[in-house]
Amino acid sequence: MMAENTSAAPLLEMRHIHKSFFGVKVLDDVSVSLHKGEVLALLGENGAGKSTLIKILNGDYTMDSGEIYLNGQHVQFHEPRDAEAHGIRMIYQELHYAPDLSVTENLLLSELPRGRGFPGRYIIDWRQAREIAQSRLKLLDLAIDPDVHMRDLPVVERQIVEIVKALSADAQIIVMDEPTAALTPPEVEMLFGIIRNLCAQGVAIIYISHRLDEIFEIADRVTILRDGQHVATKRVDEVKLASVVELMVGREIEARRKTLALTGQESQVVLEVQNLTKLGAYEDVSLKVHAGEIVGVFGLIGSGQLSLTRSIFGAERPDSGSILVDGRECTIRHPQDARNAGIGFVPVDRKVQSLIMGQSVRKNVTLSNWQRLARMGFFQQRIEKDHTRHWVDSLGIRMAGDMEVPIRFLSGGNQQKTVLARWLEANVRVLILNEPTWGVDVGARSDIYDQLEALAQSGLAILIVSSDIQEIMSVCPRILTIYRGRITAEFHRESVSKDELLAAAAGEAV
Amino acid sequence: MSNLISADPARLTPARRRKWLTDDTLTSLSLIVSFVVLCAFFASQTPFFLTQANLSTIASTIAIVGITAIGMTLVLITGGVDISVGSVAALSGVVTSLLWLEHGIPLGVSTVLGILAGALVGLLNGAIVTYLKINPLITTLATFSIIRGLAFVLSEGQTNLLSNEAFNFIGRGTVAGIPFSLLVMLALYLVFGFILRYTAFGRNLYAIGGSPQASRLAGIAVTRHLLIVYIISGLLAAFSGIINVSQLASSAPRAAVGLEFTVITAVVLGGTSLAGGKGTLIGTLIGVIILRTLDNGLVLMQVSSFYQDVARGFVLILAVGFDQIRLKLGQLQRSKGV
Amino acid sequence: MTTMESTAAAGSRPTGLRRFLRASEVQEVLALVIMLALIVLVMASNSNLFLSPRNIINLLMDSTTVGMIAVFTTMLMISRGLDLSVASTAAMCGVIIGTSQSTIGLWPGVMLALIAGALVGLINGFLVTFVGINPLITTLGMLSITRGLAFVFADGLTIPVFDLSGEHQATYTAFTQLAEGRLFDIPYPILVMSGLFILGIVLLRYTTYGRAMYVIGDNEDASFLAGLPVRRYRMIAYTLSGLSAAVAAVFLTSRLYAADPRAAPNIELTVITAVVLGGTSLAGGQGNLFGTLLGVLILSSLLNGLKLQSVSTELQNIAQGLVLLLAVGIDQVRQGKIDLGLWRLFRRQARASTQ
Amino acid sequence: MNTRRLSAIALGTVVFALVVTMALRGSAVRVLAQDSACPTAKDSYTIGFANLTEDIVFTQLVREGMVATAEEMGNVNLVLADNRLDGATALANTENFITQGVDAIIHFQTDEAFGNVIMARARAAGIPVFAIDIPMPGATFFGADNYYAGQLAGEALAAWVNENWDGQADAMLVLELPQSGPIPAARMQGMEEAFQNNVETPVADDMVFHLDSKNTQEEAFRVVSDTLPAIDEDAKIVAVTINDGTALGTIAAVEAAGRGDNLMVVGQNADPSGQEEMIKENSRYLGATGYFPENYGAQLLPRVIDVLECRPVPPSIYVEHVFISADNVCDYYPDNWPDFCSQ
């Protein structure tokens, strides 16, 4: 493919794009160009307009004004199919798949191979379909069974299938929105290999990621958006990470200082887990979290930490073992029991597991504290508002409008703060966080870390489960590693290197 | 590289299950077991149940629900529902008999026009669902009352007798001792079973039901597929209406009252999910047979019709409930087996 | 919530009437108010009797069964539940009152009926939350069961709930007073229905139970992980739905002096029609009782008005179907879910005129 | 700005104003001539007629007859309603009639038990009530003697069996309508008992099958089909059915099983569809008790006027029942079957 000469004329030009929703300008005169065979990183905080821009490119949204040129020709996309017909492919951050269909079918959703001639033209050649699917999976060296239903795959693998789906189609331009969020380093490397390969063939990539280090590894140029406006477009080799972040956030971000010192054994143990076991998920896990301490559990996704935290919180039932809060053993059968015992839980996926998207900030903040805000089942509205205002102010939750605005209009970082506020409002002693900054902006991220440290200093016991090693190393003075459901080692931040941590989390003997 | 996930290649190979033992197969198997239990029960209660005469009775009276259930399965797979099928069946019979008896249009043509009237209603349902984006339950609930009303208005409430050898053959004739309507029904099951399994159209229906968004993004013409599915549902319901008229040798606007509930019950019993994206015609066929057998057995046992209602409700809840419990246990085992 | 309104809203803080009109609940029901007004207008212009106090009382009395049940069906549907068994349950509860007369007595029978209704709801709730059967299937099955039981208990007959011998006059007078008694010239059932609506509005707005309905309907997982006893709330919602059917049955039986296993034919569909008309989404998480009240009133004024003009039953059914489609269609357009070309043009012009 | 909202408010205001105007215009009072001797006598009358249901042919014929007679009489304005086989609806219709200021009510409703409340309302409003087919306390009864109507059909079937099958049938199907209350129950009882009492050899109890027809043809077809395997292949079968539709479903089921020659059916109503079935060659439909629902209006409306004009009327008026079969259908309905009757 792409036999033509690589002229200087860009493959894609989006000129003076404007778009507003409900009178709010989301894109204000944004222009972007993309050349054949290059990787353009599209950067910006949440709400900067990246998603809107690519959805316009994909034909999902119609722009208010502006023009799109492809190969120098003016094009108009009314729906995703139009864009697809022009060789534009998307890998979405949110998964879109049919759960009860096999991997093969999801990969080849609209292009299942068929026979020839009259009846044959309508009939699917399952053997060929399976072969195509398998060969495409092989591209990424993946051992996924193409006959398995998507529903039966772990979430990570579903995401991989999504990526393979877009890669496999003949494409001129591939837009990747956070494609590596669930990939392991070898898989990411593999993906980058494929991206480079594709670029060599003349395919252009628009790459969106929060992981700036990836950008510096794979991208040729970066285009930075802020508040719906184009801020800068630069060659990657001409910029430094710090300046990119500054351009994105609009202010200088200081390097994180590691403020929280290691808490000694002198302070009280708030949460203690003894020999907790759930067959098939984790085994014989014991850990302690002291008041004012942040403990990190570092492990590869799928090492059992998710099930472990859900069990401590009562969302799953362990087979054996015990959970003690303040030294007293608690029977936790339901999240309600955990909350009453003083345990709070922040799950990974805010949209699916934390937030009531249609309801206001206020109702989201107070969700776990009804018994204290309601008398005889009736909400004390004034108290509820006062409490909400308190948390909005003290955590710095920013929102358009007052606390009655539906939470879906808030940015990821502010949404996550709302979830924190919920548990603080519920007056918990222990807070368990799962991947606390998943999908959160660079700016908001350090904000959340600051908040967590402040909370710990005020006496809260915090347990963070993360697969982000930088996160773990920058917030957690004490780090446990988990591998295949077992705690393999314990480290102090000051005395451990990245490599040692990685090795422990990969099950290599320490 | 900041984030790191699993480096364990073994994890990527999911716990392998025998491929033929899918949830669908298990649902069908457990249904067959319930069916056998049901048959054994009836056989022990009444000597007439396992007679050839009774089996052929069951066979010759199954087509109306059976054929309508095909369309309903398709609609449910796309995540919709069609409440209007009973009304459509009545309308097609009324239209056919009126065209023939009062306008002198040849019976063959009238029949085709009657069936097309059903397709038209299907088109209307589909158009409202896709273009006006009104929930299918609401849409077809509305057309359910509108079309029934129309059948009454057109027929002026009258029952019309239609006796015609060729026409009666549709509902009553036999080929080599097998009821013609049953043969047609089985042929339709084969055809649509094939379509669902082996054609792009069929697979697209699952994709649409599983994730309309993914289907749209993958370039599947969702609107067109939905239109076709509702038209098919209307067509098949109308055809069932014709079989009904042929069996009874008369058409009435009150025909097929409550057909929608019987059909939905049968389809859901057969393992098709109301949430869309899941279901098989084999399951539906078994569901239809179970319901028919249940009704037949209860009548043969001379159970009061009041208790028949109670029994039907219990069977529905028990069958779906057991399947649900089985699924939960299965998931539990699977998660432990990793 | 069209573009222009939000633009206006962003510009200045609305006050007074504007603020009231901007409240989303009001916006949702505004279209319904207009629809009701139009129906009333048409009916009143065709029949002088339509707006007579007597007829208005008739119309409201007629809607009490549907209205009482609809309050709790609304809550259930907000929490993403559904109950098709309400009408059959009401029939069964009525029959329980009827058959109890000769055994345990009338008032204990009423208590028993209320308990039975709640029990049916509880079983529905159990099957939905603990066994995990789809609510449509569960309550469809329960519909068959309770209707069948109604016939079994009554042996297929309509049972007079009436003092034939004159021996227990006081008891029966008290019972019939439930439906016939009036306060300020308004029959009790209408007051009770209004009371239930007010109770429902208060529950939904100000109580933990009401908020649980919205929250669970919006995101069940998140509610669970926030520590809400989701199952308990669901059980309560189904139980209240069953109980409301029993309450409706008590008033219906009192009103008719008789308990009929055939009572409340297809009322479940009317209830759902009214609730959906009122803007409650089948997908859960949104809805309000003002809308439901308007839905109930729209349906009953439509049918009452058509009846006053002796319009045939078939046409009544057709009209009901059309009104449902129309109302839901308008709502879709209002929410901008339908991109009719005309509508887009209208919005563009509106935007142009505001700039 | 805000054109849309303003226009909505404007529209709402206009609508409200119109509604209020309408309400104030109120009900124009009709001035009617009063007969001094009889307080209820007038020049013309408004009579409310609430039909049992509009779903079945029998009641449709009743309604049509009423409307036709009212038109003929000239001084009767008929207000129609549909009781939908439901007590609550019947009560609501009564209340609507009272609101509409009718002079008399003709009620065709589903159960005697509802009579108490309906009559209480009508009495309070001082409106005379005429009850069709289901008696109500204090109402003038008009209509079928249901048990007797059943008997006629049962006797005719017994006579046919005595004559053609040597007085013996092997099985009896009873297609009833248990969900529809006492009217059908009385008719079924009349048919079943009259047959058993008049046939030479009554059918054994265990060969009498009570089946629920649910008032639809296909349900009758289904339950009869399901029952046939329990009856010997060459058994002689008689069926008594609640109406013509159910009879048609029964016949269709037995014929579809190829056992038509061993069947004989009687029914109730004798609708046009039933008549058409009877006059077929070698018909398995012996006949049905005719109620002449089309004549209900012609017989009843003049009596209603009699009551309103203070002339004496007996407390019960029974319609004449005749067993209609191919032999006499031309005497009663010559216009329906010109071809058949000209033979």
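Note that the chains are named A, B, C and D in the order they appear, and that numbering of residues resets to 1 at the start of each chain.
In this section, contacts are C-beta pairs under 8 Å (C-beta built on N, C-alpha and C of every residue); 3 or more make two chains touch, one makes a residue touch a chain.
Not measured: the values here are computed from a predicted model.
Relative to chain D, which chain's C-alpha centre is the most remote?
The chain farthest from chain D, judged by C-alpha centres, is A.
Quick check: more C-beta contact pairs at A-C or at B-C?
Output for the comparison: B-C.
Distance-wise, how many Å sit between the C-alpha centres of chain A and chain C, to the nearest whole number?
Taking the mean C-alpha position of each chain, the two centres sit 42 Å apart.
Determine the centre-to-centre distance between chain C and chain D, using the mean Cα coordinates as centres, and give it in whole Å.
Here the centre of chain D sits 33 Å away from the centre of chain C.
Measure off the straight-line distance from the CA centroid of chain A to the CA centroid of chain D, and report it in whole Å.
Centre-to-centre distance between chain A and chain D: 69 Å.
Which chain D residues touch at least two other chains?
As it turns out, chain D has residues touching two or more other chains at 54-55, 178-179.
Taking each residue of chain B in turn, which ones touch at least two of the other chains?
Only 152, 304-306, 308 qualify.
Where in chain C do residues touch at least two different other chains?
Chain C, residues with two or more chain partners: 4, 151, 156, 313-314.
Per the touch rule above, enumerate the chain pairs that touch, sorted by label.
Here the touching pairs of chains are A-B, A-C, B-C, B-D, C-D.
What part of chain D is in contact with chain C in the complex they form?
1-5, 8-9, 11-12, 15-16, 18-19, 22-23, 25-28, 54-55, 79-82, 84-88, 91-93, 95-96, 98-101, 110-114, 116-117, 120, 178-182, 185
Along chain A, where are the residues that touch chain B in the complex?
79-81, 84-85, 90, 92, 96-101, 105-106, 109-110, 112, 114, 122-124, 126, 142-145, 147-149, 152-154, 156-157, 180, 182-188, 211, 213, 279-281, 300-303, 467-471, 484, 502, 505-507
Name, in rising order, each residue of chain B that touches chain C in their complex.
Those residues of chain B that touch chain C are 128, 131-135, 137-139, 141-146, 148-150, 152-153, 261, 264-265, 268, 274, 304-314, 316-317, 320-321, 324-325, 328.
Note which residues of chain B are touching chain A in the complex, please.
Per the touch definition, chain B meets chain A at residues 1-9, 11-14, 16-17, 19, 22, 198-201, 203-204, 206-207, 209-211, 213-221, 273, 277-278, 334-338.
Could you pull out which chain B residues touch chain D in their complex?
Residue positions touching the partner: 46, 48-49, 51, 53-54, 57, 60-61, 64, 152, 156-161, 163, 171-172, 244, 247-250, 252, 254-257, 295-296, 299-300, 302, 304-306, 308.
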